Each structure stands twice: as C-alpha cells, then as structure tokens.
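Each of the two complexes below includes subunit A, the first together with subunit B, the second together with subunit C.
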Partner chain A sequence: MTTTITETKIPPSTHEFANVIHRLEAGGSMLPDTPENLMQIIGIYKAYAVPMDFYWRDLLYIAERVFLNPLPFFKYFLPKEYLDLHNHYAGDDADLRIWRGEATAHPELLAFIQKGETFKMPKLFHHLNHDRINMEFAEACMNAMLWHRGMGGQFDPYLDTDEYKANADRAIKAYFQGNPVMLGLYKLFPEMFIEQVRQLSYYANLGLFWEVMAPVFFEMSDIYDEGGFKGVPDAMNFLVNGIFAIAGRPIYHHVYIRGKCYEIIPKSKGFMWLYEAALPYVEAVFYRTSPFRGTKSYNAQAKQVPDEQKDFHYGILYADVLPVGTAGIPPTLLMDDMLHFLPDYLIDYYRQHCRGEDDMLIQLGITFQRSMYNVTSAVIQALRTALLYPLDDTNPKHLMANRRFFEAQMDRFKRSEARLRDIQSQDYR
Partner chain B sequence: MADIVDIAVSADNFKTLVTAVKAANLVDTLKSPGPFTVFAPNDEAFAKLPPGTIQTLVQNIPQLSRILTYHVVAGKLMQADLAKVNCVTSVEGSPIPIDCSDGFEVKNATVVAGDIEADNGVIHVIDNVILMG
Partner chain C sequence: MLSILIWFPIIGAAIISFLPVKLTPSQSRLLASGIGGATFFWTLFLVSKFNYQGEGIQLSEFLPWLEFIGLNYNIGVDGLSFPLVVLNTFLIWTAIYSSDLEEEGGKPLQRPRLFYALMLILGGCITGALLSQNLLLFFIFYEVKLIPVYLLINIWGGENRGYAGTKYLLYTAFSGVFVLISFLGLVFLTSSTFDYQNLQSQVLPFGKQIILLVTLIIGFGIKIPLVPLHTWLPDAYTEASTPVSMILGGILSKLGTYGLIRFGLGLFPEVWSSVAFPLACVAVVSALYASLVAVAQTDLKKMVAYSSIAHIAFVVLATAAGTPLSLLGAVCQMFAHGLIVALLFNLVGIVESKTGSRDLTILKGLMNPLRGLPLTGGLMILGVMASAGIPGMVGFIGEFLSFQGSFIVFPILTLLCLVATGLTAVYFVILLNRAFFGRLDTKIAYLPKVQFSERTPAIILSILIVLLGLQPNLLTKFSERTSITIATTSGTPSTPPIIYRYLKD
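Right after this comes the complex of A and B.
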C-alpha cells in the first residue's frame, strides 16, 4: 500500500465545465442536486414510462408478427396477446424483478387505449381521431439507430454477414409462402427485402431496450413516492445499478410465422443489452438523431447539416424545446404522449410557472431534457465504473484517467446548441 | 503441472470464476492444449460488480461466455512479453490495453499475482472484472 493518501488529490480541472466535472468526480450528476430537479425528473420518468410501455410492446409486435406485411395498416393496433405479454423485469415471474408492479401492460396505458382523451369507442375511431399513442416517435428513434449505424457493438456488423442474410432469407420465404407476386419481387430485388428485415431487427433491438427502461422508470417513481430518494445522485445511482444489472440480457430478433419461430438473430450470438442496444441508443437518440425539418435547412449549398454523421448534434441533449408544438419538430410527438400521464404534482408545478397550462407541452419538454441529462450522467458514470476507476481510488494516475474521461465527455457539450449550461439554472423552463 | 482449469479449481479464491466457466461450458476449451493467457478475476473482483449483474449473466450463457472470453488471449504471454506491447486482442475480439510502466495493469484492473504457469498457458490474477468497450 502507498502511504501518500493525503497527496493523492489531483489539481482542479481547467475545463469550461469544471464545476460539472468536479460534481461528477464527487459522485454527482450533470444535473444540479436540488429537490425541485428531483421532483421534476422523477415525475417525467413516470409520464415517459407509460407510453414507453406501449412502445416496447408494439415495437416487438411489429418485429415479430407484422414483419414484412406490405400494407401494415394495423401495425399500431396492439393485440391483447402483446398487452398481456409479461415484461421480463416486472411482476412475480420476472427474470430479475426491477419494478414491483405487474408484468402486463400498465393500467393507465390500458385505460388510455380504451378511453383516450375522449370516451370509450372502437380503437379505429380513436386512431382516426388521432386520440392515441404517437408510435411514430418510437419508429423515428428506431430509424435513427438504423441510419446512424456503426456506433459500437457487434449487432450492426452482424446485419451485413452472410449468416444474417441466410437467416432472413428463410423467414422471407416462409412469410410469403404461397404468394408468387411477393416471392417474384424478392427474386428480382433481394436486397430490398433484406434491408426491410434489417430495419425490423432494429425494431426488435429498440423494443428489447425499452422493455428494460419502462420498469426502471416505474420503480423510480414508486421509490420517490415512498420517500426513498434523497437527491438527484440517488436517482442517478439507481439507473447506474440498473444498467449493470441488465447489461447481459440478450438482444435478438425472432419472427413468428404460422406458429413457427424463425431466429433471424439468435440469442446464441451473445449480443448484449449494454453493448448492442443501450450504448448505440444513447449515441443515436440522445446525441445525434437527425436535423429537425423545422429548424435546419437540408439545402446542400447552405451547409447547415454536417457532412459526417458523427458530427450530428440534434438529440435531446441539444434540442431547442421552445418550438415544441409547432410544425417540423419531431419531439412534439413524445411530449404529447407524456402529457396524458403526468403525475398531479407535476401538473400543479407547471400551473405555477410561465403560461401555466397553455405552454405545458414546452415546460414538460424542458423537464424531459433535464431528466435525460440525468440519464446520460448515469451512462457516463456506468462507463466510468466499467472501464475506468472508482471515484475514491487513491492512485492519482487513476484519478487523472477518470478526469480525462469526464473532460472528453463534457467536450461534446461545448458547442453552443448544447443545453448543459441552461439546465444548471432553474430559470430555464 | 496442471492445466488452467485445475489450477483455478485448486485455488480457493476463484470460486465465482470456476462456477461461471462451468456454467458457460468453457471447461473443455480451457483444458485444451491452447496455449492461453487468462486474466483471472478473483472472488473479490466479482464481488465488486453491482447486484444483479451476475444473476443476469448466469441466466444467459452466450452473453456470459462472451464476457469470459474477453479475459482470455491466445498464446502464452508472460508479464515480460506483455511489457513490450500496449494492447492485446482477446479471444472475444475486443482489444485489452496493457500498462506495465508502473506495476502491471490490465485495462482498469491491477494484476495481484502474475505469471502463474500452467500446462497449457499462463494465469494472471486481476482485482477487477474487465469489460469490453
């Protein structure tokens, strides 16, 4: 053992976000630890978890059952079988019980599917009246993951292998068995069909990712209601532990055709939740996504959109939430979904600020942004735990390695669009 | 001399590792002629993982195998050999950074007992489970 414990403190950081870095080094979050922040983020996790409970079920339904249906008119009409599908991380028969509640669809979700914002009527009328969960948002997230590709993990490279194409081929032929038109098209344009299957594999990937996050957020809301979280760092640490606990769950794509299961991506490939779903998701959705049609010009001469995908910075951590509710701002779909499931304490809080109920969509959007900075903090701390050193390490070389890692992460928020500066103050709402 | 598995079984601070290797059906591989270099996390290393991590991995054998094969490198590499390189490639496929400039560190783990020779390779005992990425 070295005896120079008192000498081990490293000099303060000179980074632009030094105060945030020091907070992370002390075991905190990028989001300041105030009771108001804690109340906001937990409330919004709860409001997010209910539509997410629909998203993951429908994503898996589309990947496993709708599959290559050329006219998928009813892909958002979740059959009872998928509403009753047991979440692997909730209920009595869970693989690892994260939420103490039920494994089937959340009661608030079932009530919304039945009544919506209006009254009880057939699903089709709710759908046509746009009184529904905005599933297009989940598909936009899936598309971001599909399109950005190459963000680490082995899932994406696997989609280009001959093994994958052979697995997809078996399923395509089985699905269109007895349909000479589609089989003929497949013979003419095989890549078109394979690419559709790749997209469906990403439906499965994202569905399996959110199957974990929904019970995590439900449980956090319950713990908060019981008085269990003392501050923002507690809430972040719950997420860090959740990330580790579930890191090894398999990521796969199974398709069910006429009662038979086709393993397009078998569980035996060893793909894992952490590497093949969670980290690519964070990169694709929190950081990159794609430029909002309502705020950026895609004009090639204007050069507003970067040439390199790695430079994309249109995720929730950079988003300007103020125009939510106007045309060309995709997160509006999610904000609208969350609006239906806000806890009472959050509604009361929004009534007291800004324009009260009139701009609640924007207020909750900014709360959502705060909460996603906390989730990103959890991911950063989890990566630090997995790949680097404990925060109380006594070796200065190790502490410097942690420091460099945190600084490199904060470098991504130096650009002017990043909202890290804004969320430090409660005036941003 | 004994092979890598026999040595791990006979030592008493590799209980979790031995259980995991058996669960992942890697016993035959690690008993084969190899040779292999194994970075073996001791029981304290596994105990540092947050709760639930091992439970999920033991329920999912291919994923467990992947983590375990990240701790194995082809060839018999002693500390002196590793001191000459910055990085080795694991059987899993991902790189493992090596730092021998000040002690003997493997990624974010420190070797607590190095160069334990076996019939079919060498074991270096580490104080952390190492993870890809």
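Right after this comes the complex of A and C.
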C-alpha cells in the first residue's frame, strides 16, 4: 500500500537500481521478498550466531584477560568463566532481553567445543587438528575496523587522546609489573605498546558489537521457527527495531589484571553501540575490508588496489563467493565455521541444488551474502529513520529527500563487483 | 596363447552383438570392460612368460592357412611389439570403461552393443597387427581395423563426424594401399614368402629397395602421421568421442611408427641410412609445425591432437637414427605417448562432458576446488607436464632416450626437436592458463560434479605415468635386447647415415 502512495507522490526513480529503491521506499529490503530468501537468511543467521557466540566471548577474553601477553599461545582457549559469561541481552538477568534463551554459551557451541567434527578429546588436540572455530576470522574483522579509521564516531579519535594514553599506560605498567624486560621495552618503545592496546580496544569494541548480534540472530531464528516472520521485510524490521533498542548500549574497554579492573575506555565516556560499533563495523566489514590476496594484486604498479581507503570495496557485499575454499580467500574461514551449525532445513535445501553437499561452502556463502544484504538494508532503513523522514510521510519534499538518500546508498553498488544485481535472482546460488 | 589376445575380444564382440537378451548400456559396458579386463590380465600373464634376454620372436604360433598366396597365421612377440600390445589391451579396457562419460552427460550411449562390439573388434585387430609375423596377415589386420574406426567416428562422433570419418577412411585406405604395394613388391621381387623371418631385401639392388622403402614410409607416414600427410588427424581426433579419441591417439598412431621400425628398418636395413636423414628432417618439420599450430589453437582437443603429432615425430626421429639407444627410446616414447595422449583425451572428454565446451575462450577457472573440476585439473597439469617431458614422469624417459640416442647421429635435428619439446610447454601452459587457472565464471559456475567412476581411468593412467617415470626399468627392460638386435642387423651405429658422414668430413 505504501508503494502506491510513494508512486503517486513522486515520480519513479530513474536510478539503475530503481526497482530496489522503490522496494526500500515501500519499506522493503534490498533482498527480494520470497519465502525461499526468508528461509535462507534466517537459517544462515542461526548458523552465523553460534560461532558469533564464540567470537564475542573470545574477543572480550583477549581484550580483558590475555591483554598484552607477548606470547598468546592459548588466546583461543576460552576458560569456563567466559563460556559461562552472561550475555547482557539473553537469559533471565538480561539488561534488555532480546533472546529468550540462556545467557551462557549456546549449547550447540558447547557441544562443538567438546566434540568438534571428530570426537571428544582435549581442547589442545582439537586445536592442533584444526577442528575448531576459526577465530582468525573475527580477528580479521577487528583488524579491518582498526585499520579503516575515520568512519565517523568518537571512539576512534579517542584512541589518540592523552587521556586514553594515560589509561593505557596504567594498565600496561600494572600488567608487566615485576617484569623488567617488558617494562624496559615499554620505556624504549612506548608507542608500540600503546598501539597494541588500541588494537585490544577494538577487540573489545567488536566483542561488544557481536554480543548484541548473536542474541538478535538467535531470537530471529526462534521467531521464524514459530512462524513469526511473514516475509523478508519482517525480518529486516526486527533488525531495525533491534538496532534502535540497543543503540545506546555502552562501548568500553576494561582490563582485568590480578583481579583488579583497569578502565582503559570507561563506560562513562558514553560511547554508544550504534555509532561506535555498529556503523563502523558495517562500513569496515560489509563494504571495505581489504582486497583478498587470492583475487587482487597488491602490486603498486598494477593499480588494482585503490589509493584511498574510502574506495575499498572488498566487503561481503562485493565479495566473490565462488572461490571460497581456495587459497587466499579469507571468508572461507567464516563459511567453514557456519558449516558446522547449519539448521537441517538449510542442509536439505543445499542438497537439492548445485553439487549438494560437495559445494555447500559456496552455497551457504552466497546465502550469507544475501542475508548480509538484508542486514545492510536494515542499517540503511535505520539510518533513514534516524536522519530523515518516515516512509509514509505525505510531504513530497520529504519523500524526495528519502529518495536521494536511498539513491546515494545504491550508488555504492553501481560498481561491477557489487552482488546486488546477482542476489535479485534466485538462480544465483 | 597369444591368439587369445586377438580372438578373445573379437569373440567377445560377437557375444555382445548376438546375445539374445537386450542389454542396457551399462550392462553392455560392464560385459565389454569385463572382456577387455580379462584380455589385459591375460597380457600381463604373458608378460610374466616373456624372456627379456631372448633374441627374436617369442611365444610364436604358426598355422598354415592360404599357402598358395603365402598367407600364414604366423604370430609372435618381441621386445618391440610387446609393450605396444600391453598398451593396447590396457587402453582398450580403459577406453571402454570411460565410455561411461556419455551416460553422465545426460544422454545415454546410443546403440551400446554396436559400440562395444566395434571397440573390442578394434582392440583385437590392433593386437593382431602388432603380433603378425606375416606381412599379409599384418596387412589384413591393418585394413580391417579401419572399418570399426570409421564407424566409431561416424556414428558416435561430434557434429562434423561425417566429414572427419570419410577423410580418415580415405587417408587410411591409401595408407594401406602404399603399404600393400611395398609388401607385394618386396615379396615378388625377392620371390620369397610373406613370412617376416624369411624376407631378405639384401638380394635386391639399391634402387629398388629405395623405391619400396619410400613407398612403405609414405604408407606408414600417413598413419603416424608425418606432416604433409597429417590433415586427417585433427579432424578425426576432435570429432571422435572420448573413448575413441583415446584409442586413436593412444594406440592407433603407434601402428605407423611400429610399422616403420618393424618393416622399414627391419626389412630394409641396408638402405635405411640413405633415407634416414630426409626422414629425420620430415620428423623435425612435423614436430615444429605441429607444435606451432598447437600454439594457435583455441580448441582443447585440437591442441591435444596437434601435440600428439608433434610428439610422435620424436619417435620417427629416433627410428631414423636407428641406434640401439634411440630405438629403445622410440619404443619408450611410443608407450609414454600412448599413456599421456590417452590421459589428455580422457581429461578433455571429462571437461567437455561437464562444461559442454572445449573452447579456450569460454572455459575459465576450472581448478576451483568446490565448483570446478579440481581433480581433473590437477591430473591435467600432471599429464601436460608428462607430455612436455618433465622428469619424474614417463614422458621424460621416452623423450630423453630418443634424443640421447638420436643426438650422436643427427645433432642439429635433435636440437631442433628439443625446441619442439619446449613449445609443448608453451601451448600446454596456454591451455592450463586459459581453461584451469583464473576465476571461475559465474555463468558457467554450475557444473555437474565428476563422479568417481569417471575419474578412475584418468587416475590409473596418471599413476602409471608417474610409476614408469620413477621406475623406467619396468618399461625399458622389454626392449633393450630387441633394439640392440634391430640396430645391429641394420648396422646403423657403425655406419652413420651418408649425409652425416658428409657433414663430418
């Protein structure tokens, strides 16, 4: 119904992605609204949420406990304490209950940590056998956020302030207390250590971001199983509402050294989840990241990689999923993680297409791409709600402003690598 | 015992064709590969009976047949023919097994009983030709195998099969005519029988021998093929279906080089040194020409076909040189070429049946591990490296022995042939680079997967290629004795070719 309103109010768009823009104006998603798409994206949210439940716990563990350990051999070995850590958005004692399930680690995750793909054996053997969650992927996302600076927000500028350096200094001295070698090194090369702490702050940032997303995705999966979602826009709107509900949650970096808490970025700074974690994350990971070693040449003379970081376009929205499983394609790590936790209906679905189980990694990768287009749609709609006008506004000028905003967003997908064209068709799998 | 190798497949063919029960394609295939496999294992059994130190023909069988025309059923093996017999029975079996490809491509093999019967008859005929110790008997097998091949190309071939089949038929028929003229001439002029052992050309004057030898070389030169006579080959190889291409490239072309050594060098040892140099020149031209043409191809199968012409020319060069080492190299190269070409055709067949194309401008990124044909690609790299003579694989053994043996006789020509080997790397790297490396195209990214049964022939061929490359003794010990015998009777090592002596002075 909203479609008819907008169409009568302002002339149709002449943009290359006019169809998508009209759908967004009608309150839809960039992803076409089909039951198949809904089934795929919800299934993959579920499969993504379980490793994500590990990612956020481990990211916080590294930021808070491993801290500056020069030889962090066991940083991927989560202690029980962090597996039992209560998610702030699930369980009975939640700050804001998004998921109705348990606040501790997801049972499927615990089962996987125990048995992996093989059988029950000590964690170390699972690790050496590479039967584990690929935490390197989470670290790669963190690195993308760290390296792509200047994406708005106050978090990143804060890392360069004297206040931050003083906080970090206290924590570094406390951490290396009684270790003259490291303290001496710190005296010689203070920036080296401060930079490491900045990286750890991003560990905390990303960990706190995913602490929200994991229960959101779990809850969406549950709602879908109960028949709650009628279409892709419903799923997108759930995300939009979630984003607003959670927007003000604090982003901080606390370090625990010998039972004492050092606040490197205190909660009192007032850094908010939406502006300091979610939006930079979407920009850094969905749009930018860095060129895959397996697809682009870093040769400076070949000029394949842009000079400006803002021109980077190697995120999941642009990624070529077909070479997943090949050397030099980082998302393989994530696809491999999700593979362990696919819901049955998705496995059945993949079995019926392409090469069935043989190329499930690619099929789920493309599904993941679809789902991330839906998440990006939610972000775009949320931004529009926050900055511009409602979709059912009657003032044509307001509608035109919305239109310009959507068109500007869609302009980013005009380049040939963008998969927006592909995901419009169900045949892209 | 040897007769079983000829007649078992032919009787098997009759059984398949006349079996009262109607067989499905897969049942026919099972039966045919059973017969092929049994023949192959019988060959292996005979290998164990073979005396590597024995001179001359072994395991011979003699049966007077049509004595008034001198046709006797006289068969036997020596170190020259035995490796080829093994290769033949093995490739027929493999080819029958890999005819499965047609089924996987969606359309079942049409007229399966005729197909498998013809394949088995073809196998029997080639074995017969290789075993024959009677010139007429050889000729009969040589001509009879023409018909199954013609039908195999013409019924199950590609789009242009009519043209290719007819061209093949005409060329090969002429090849037979030349061979027959030469045989008849030799026998009538020396007034001897057609039995190989009794034939002596030495009684003839030099001029007549040269004429007969040149006729013979033209006859076999069509079959090999040498360059001006080669135009049937790219058509026949590309239009034939995969299993037929495997046989054509793998073993049929060896009949030409085999004939050249057995009948050319064997029957005209006196005058061989006079034709050796021109023949070697033709071989070099063949090798270089075919390699350069291969570089220009955009069709996978045509590339393999031209590479086959180039590599078989090394055998001709080695035969022309006629030293014990070069003859040993020639036999090894024939065997190696047979395995490698069969492997390459098999892999090209898999690529074609999965992607529906052989066009290098369309195919891309097939090495993709999940969506492409990674194992096929990997084996293709192996086959291509073997073909280019990379050490560690059987191609190196064949080429190295051939070149080392030929170098003392024709140093310049051998070096030119080495250039052709270098070109092999050029065109095959083009092939790999275009079809297998790079990014899988989104448009062709939904290829069906390769079934295990489709892979097996290629895997077995690859294992053999590597095994014989690492342990070449298994292959060379067959022919060491025989190549020395042939070389000493022809007297080439002590008397290098006339031209060469010229150059030396």
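Throughout what follows, the second predicted complex is superposed on the first by the 421 of 429 C-alpha atoms of A that agree within 3 Å, B and C clash if a C-alpha of one lies under 4 Å from a C-alpha of the other, contacts with A are read in each partner's own complex, and residues count from 1 in each chain.
What we mean here is this: a contact is a pair of C-beta atoms (placed from the backbone, for glycine too) under 8 Å apart; a residue touches a chain by one contact, two chains touch by 3 or more.
Quick caveat: nothing in here was measured; it's all calculated off a predicted structure.
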item	value
Combined model on subunit A where subunit B meets subunit C, clash or fit	fit
Broader residue contact with subunit A after superposition on the shared chain, subunit B or subunit C	B
First, second, both or neither for A:Asp422, with subunit B first and subunit C second	second
Which superposed partner A:Leu388 touches (first subunit B, second subunit C, both, neither)	first
First, second, both or neither for A:Phe244, with subunit B first and subunit C second	first
Which of subunit B and subunit C A:Ala140 touches, first, second, both or neither	neither
Which superposed partner A:Lys267 touches (first subunit B, second subunit C, both, neither)	first
Which superposed partner A:Pro323 touches (first subunit B, second subunit C, both, neither)	second
Partner chain in contact with A:Arg355 - subunit B first, subunit C second, else both or neither	second
Least Cα gap, in Å, left between subunit B and subunit C after the two complexes are fitted on chain A	38
Footprint overlap on subunit A, comparing subunit B with subunit C	none
Interface residues, subunit B side, partner subunit A - complex	49-53, 55-57, 59-60, 62-67, 93, 102, 107-108, 131-133
List of subunit A residues in touch with subunit C within their complex	295, 320, 322-326, 354-355, 358-359, 361-362, 422, 428
Subunit B contact footprint on subunit A (complex, rising order)	95-96, 152, 154, 240-241, 244-250, 267-272, 275, 279, 383, 386-389, 397-398
Touch list for subunit C against partner subunit A, complex	365, 368-371, 439-440, 442, 445-446, 448-449
